[in-house]
Amino acid sequence: MSNYSGISNPTDVHRDHQVHETNGSGHRTMVLNMGPQHPSTHGVLRLLLELDGETIVKAAPDIGYLHTGIEKEFEVKTYQQGVTLTDRIDYLAPLSNNLVYCLAAEKLLGLEIPEHAQWTRVMLAEFTRLNSHLVWLATHAIDIGAMSVFLYCFREREEILRIFEMFSGQRMMTSYFRIGGLALPHPRGWQKRVKDFVDIFASRVDQYEELLTNNRIWTGRTKGIGYISLEDMLDLGVTGPMLRAAGLKVDARKDTPYSSYEKFDFEVPTRTENDVYARYLLRVEEMRQSHKIIKQALEGMPSGSHQADAPGIVLPDREKMKTQMESLIYHFKIVSEGFRVPEGEVYQAIESPRGEVGCYMVSDGTQKPYRVHWRGPSFGNLQSTSKLIEGTLIADVIAALGSMDFVLGDTDR
Amino acid sequence: MIPESLQGNPMVAALADLATFAKFEFNELTIETAPENIVEALRRVKQDLKFERLTSVTGVDRLPVEPRYEVVYHLQSVAGNSRLRLKTRASGTNPKVPTATLVYRSAEWYERETFDLFGINFTGHPDMRRIMMPDGWEGHPLRKDYPITGARY
Amino acid sequence: MQAVFAVVIAAALVTLSFVIGRRVKNPIKDMAYECGIEPTGDARQRFTVKFYLVGMLFILFDIEAIFLYPWAVVYKQLKMFAFTEMLVFIGLVLAGFFYIWKKGVLDWAATNRDNGTVTGGIPANLKSMLEPVPATTIPTRRSN
Amino acid sequence: MDLFFFLLFAFIAVACAVSVVLQRHPISCALSLVGTMAALAVLYLLLGAEFIAMVQVIVYAGAIMVLFVFVIMLLNAGAEDRRGSSWVARIAGLPALAVLLGILGYLMLTFYPMIGPKASLVHFGDFTGGGAKEIGTALFTEYLLPFEVTSILILIAILGAIVLARKEID
Amino acid sequence: MLSPAMDPQVIMQTLGKGVPTTWYLALSAVLFTIGVAGFILRRNIITVFMCIELMLNAVNLSFISFAHEHRQVSGHLFTFFVMVVAAAEAAVGLAIILTVFKNRSTLNIDEIDSLKN
Amino acid sequence: MEFLIITSIKLALILFVFMTTLAYLQWVERKVIAHVQVRMGPSRVGPHGLLQPLADVIKLITKEGVLPPHVNTFYYLAAPFLAVFFALISVSFIPFGTGITIPVFHVGGATYGPYKTMFELADTNMGVLLVLAISSMGVYGIALAGWSSNNKYALMGGLRSSAQMISYELPMSLAIAAPLLSIGSLNLRQISDAQAGYSLGFIPHWSVFAFPAPQFFSFIIFMIAAFAETNRIPFDLPEAENELVAGFHVEYSSMTFASFFMAEYANMVTVCSMATLLFLGGWQPLWPVAYGSNLVAPLILAGAGALCVYHGLNPARPFDRITLPVFGVIFFGLAALMAFPPTVPILMPMFWFLAKVGFLLFVFIWIRATLPRFRYDQLMGFAWKFLFPVALANLLITGFLVALVS
């Protein structure tokens, strides 16, 4: 076996997926390899499908092609530096990851974050949800062949990325939330930008729905597809919209509110059909709810500081640094060696667009985390792949996989 | 070694005969058991305490300490809206923990990942292979004695 | 005439890039595409018999369709007579068509898709969902 | 012009027919047969059988042979093994063929003189009775019964094929 | 036995006007013989089947030739019906081949000559 | 001899126009879809990306043609050849206008003419069946491409595609047969001519509106089948870039790869022409000449010319100052030609024919920008369980009505 041929040894995976295996009814089956270089496995997921005609008898997902060792990397970065790593995990929802990392560290530190920063966090986290759902809808639609929806969604996503850029200077790898607050104060004119977006977005969602929701082909492709029982989902560790599309109202924003989500008025939508179509409708509804939250955040944004009043942890003001010796020392210490975090371990979970993203952080009292474990929602959701697609048609794989909305960076880390 | 303050806690009470240690910090409950009791503990947690979901399984390498590895299980109860952390320890020479896949199927990949990155063997696991690293990879990257740079590719 | 030109154009299209394009041999380029993995097994495998059934049905109904053309051309002369003739013909063939429909030949893929649904909210049977798992069995799909 | 087209397409037909017999891979055989059929369709055109030429292409080349190709692909039929041809063929094959060809040739030439004033010639455009109209008129008046019987044949073929292939379906 | 007029000039004149029907019949005979040869020589059941189709085609050609000779449309209809029968035959025949292959896993007619399994 | 020369000239013209059309159909498709999707489309190569097709062709030709060792070389190359061959050859049977008569003329003392010729390469009594026959042969190109590539995706794609094509051929041929009941000819030119005239003075006698049995459903069935036959969205399963990556042409590269797309576009044009001839009255104008239908073409062209000139005078881009007036002048010239009495009887049928074909092609593109694609089993079920019975019922009802009335 040559070196470039992939990380996992195919012969090994074939161990229980023998080619020309005979199944019960005497048909000969065929093994089809889907991915890692495949247009609709959304990254580098590899699926080994055992087919009987066009029906899938067995499916074995194979991951790890995007493993970057981020968890190891955390251990040699200071806490504040770690924020930039979180962007790279789930590259479609960077701010959710920033948020959970900061919340975990702040829990260890016992920091109180000013309202202003919290509301901003909520607003931008919801923007992230929109961003992620838009990309999901776009790619899901183009997988099923609706190419115009793809571009319509990217038009709005572009606007969101511009807003991100306005706040943080970065379009995708924002790293805008920092331990102790926000990286920068709000940019000038942000209200107008956000308001412009909020004003048009509701009608844009209607536009997507117009193209898809009642389209016979779309419903034919998505209704009744990708069913997996709620028991299986819970047992396999599925979280997020998939669970809600099965009727289980579970959402960390409501159950264990963080970052002042409890002050916002929004619904957690649920569906009961538990198929691809339900997940589509659910995510569209979530987009509307996020829109509602953003609107509230925009209108009721409290004033105040963008950072906590914690001199040893957040970087001091540039002005103060130039006039006060104490600030200069803090600045030097924070930049050169970081800050110490008390010993302990926490697990912080929030609701990312894909489900529960959890950060398990162990501190040994030094400036660097002793261990950070990232519980990505995609990893858990992807475990259900076999259950989801076995017994369906090969063409349903696309729809079913798409409805899971996984990001391989999140899975493989 | 269960602190007084936790004696009345129903979760601790349910695992009282198995728990070797418990703590309540940062509003999070941690219960530790011996490796041979962990599956039984998980069973009770699932059946009696209604924690439907195992959110993650991972390891922590406390290098100079022996037993060296902590295996950490995070559990969530959707119905009860609560979370719980179970913990067990594995020795550095031959790290072995019984698998949780008998109780929670979601443990399958998490245990593979922990095996891959820490080298902790989950006995009874149906498919104990590497999941993240290439199959022929030497070493387990998240161990503290594994170098951060200089690994061959 | 057109045939000759069509041959020339088609041949030119097929060969041109082999003549003009620069060719760089490379063992990886020469591998069969299989999503970035070394091809496993031969593509020359057997496929579902459904394709045969479609071909067979096509032949038989194509014959029927072919009969329709001379019929259509002389229809204005024979009128109702031709109509009754064809009605009988099509009726008989359609009997076969409905037979195969009933036999399920036209269902391209019979799947064992489970279309059950669950009710909303936290399910009432959440407790029964959490039935004890026998510790002796390994409840994974790999056991079969 | 007639002669040119006849010779060209007769050559194609014979060459493809020989190829059907000599090619080792069934796919090649099937495509050669398609070639023969297409060439024959052109010859039908020369003989004034417009409609039949079209039917030849649509039914034979476009449907029956597609089914053959499907079956070859489905069964993944590989190249044929040459060793085991039967002893009858080996001993009596070619002489018997020569005799057959001889008899056919004799009979033909007896009844149809090849060259000369009495010889009948085929000239494109001489006979135009093979259009859809003529076929239709004959088919739906004179040959009505065979036409209707055809439908029963098709019906039986459908049933037979389904019954035979059923084991594969279930 | 051959026509007395072997004069090249006569031949050229005749051929200028058209192709003798006999040539079409001869072509038909040749194709038929090739079909028979293939039928005898080939081992693959699908190819044998194709050779049968070839023979049917050869016969069709002679039908058409005779139709042209007699200026009658009946030959065309015969051909038409032959095609219909060929279609039905192909459908059923290939179904048989599929079944045989499923039972014996071979396409070689020498290996499927026994009546019992 | 004269016949040969005239045919050669026609052939050269038709091929030139047709090949250019194919190349620019791609451009039009990209532009239309781009505008549906609120973006620019090709706009870099030449004004408004007009030279994009040329650039594409040059790029494709100069790309490396990969000939993988695992393929069956002969059939691997034969497949795109067959696809293009059959696609190109069916064009020659499409009449796209009435005939012209070239009057007597003198060149160097010799007298030539008059020549009368039709606007198609071959006028046969079997036009409809010929086009059907050739399209039924198109299956081989795809089946062979899939088989010879020796690749799982390609083989599955090829089999699927051929099964799809033959499945949709049935409803298509049934849909074609329906209008023929009242026309009674298989000659495309006669079919078009039979649809001349107007009932009540303004409803054209096109098959779609014809009395007693308007062939509206036939037309729809034909168009649906046409979408499937040409492998266009929503029936582009064989080359859908999802589960089977790219279907039967996954192993193809450079021009052999593009050949399949060329064949697809050529088939689109053929199929749209067939739909126009069979259902939309061929080159018959939408309303009688007496009500001024001949003025439409010059007016549209003059309007386009005026628009070009106007935008040329207020250019959005510096280059438009030159290009747009040039186009404007060209449009004005065409408008003048359309209004020039001697050329009207020749050009007007061509205008109407091309306008209808162009509209149908636009529908093809429009649908592509709008609809998702079917799943394979739905697609096959749709053909067999819905389209086929409906087409048959439509045919029988038409037959009954025609027999009753005539």
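Here the chain labels run A, B, C, D, E and F in written order, and each chain numbers its own residues starting at 1.
Here, contacts are C-beta pairs under 8 Å (C-beta built on N, C-alpha and C of every residue); 3 or more make two chains touch, one makes a residue touch a chain.
Bear in mind the structure is a predicted one, so any value in this text is a computation, not a measurement.
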Any chain in contact with subunit E as well as subunit F: C, D
Distance-maximising chain from subunit C - centres being C-alpha averages: B
Taking each chain's C-alpha mean as its centre, the one farthest from subunit A: E
Chain ID, smallest distance between chain and overall C-alpha centroids: C
Of D-F and C-D, pair with higher C-beta contact tally: C-D
CA centroid of subunit C to CA centroid of subunit F, Å: 26
Mean-CA-position distance for subunit D and subunit A (Å): 64
Rounded Å distance between subunit A and subunit F, as computed from the means of their C-alpha atoms: 46
Sequence positions of subunit E contacting 2 or more other chains: 83-84, 87-88, 90-91, 94-95, 98
Subunit D residues counted as touching two or more neighbouring chains: 51, 55, 58-59, 62-64, 66-67, 70-71, 73-75, 132, 135, 139, 150, 154, 157-158, 161, 165, 168
Of all residues in subunit B, the ones touching two or more other chains: 52, 78, 105, 108
Partner subunit F, residues of subunit C touching it in the complex: 1-3, 5-7, 9-11, 13-18, 20-24, 29-35, 39, 42-45, 47, 50-51, 54-55, 57-58, 61-62, 65-66, 68-69, 71-76, 79-80, 82-83, 86-87, 90, 94, 97, 101, 106-109
Subunit B - residues contacting subunit A, complex: 25-26, 28, 30, 52-56, 58, 60-61, 72, 74, 76, 78, 81, 83, 85, 104-106, 108-110, 113, 117, 129-136, 141-142, 146, 148
Residues of subunit F defined as touching subunit C within the complex: 7-8, 11, 15, 19, 60-70, 77, 80-82, 84-85, 88-89, 91-92, 121-122, 128-129, 149-156, 159, 163, 166-167, 169-170, 173-174, 177, 180-182, 184-186, 245, 250-251, 253-256, 258-259, 262, 376-377, 380-381, 384-385, 388-389, 392, 395-396, 399-400, 402-404, 406
Parts of subunit E lying in touch with subunit D, wherever the complex brings them together: 1-6, 10-11, 14-27, 29-38, 40-44, 46-47, 49-51, 53-54, 57, 60-61, 64-65, 67-69, 71-74, 76-77, 79-81, 83-92, 94-99, 101-102, 107-108, 110
Sites on subunit D touched by subunit C in the complex: 51, 55, 58-59, 62-64, 66-67, 70-71, 73-76, 78, 132-133, 135-137, 139-141, 144, 147-148, 150-152, 154-155, 157-159, 161-162, 165-166, 168-169
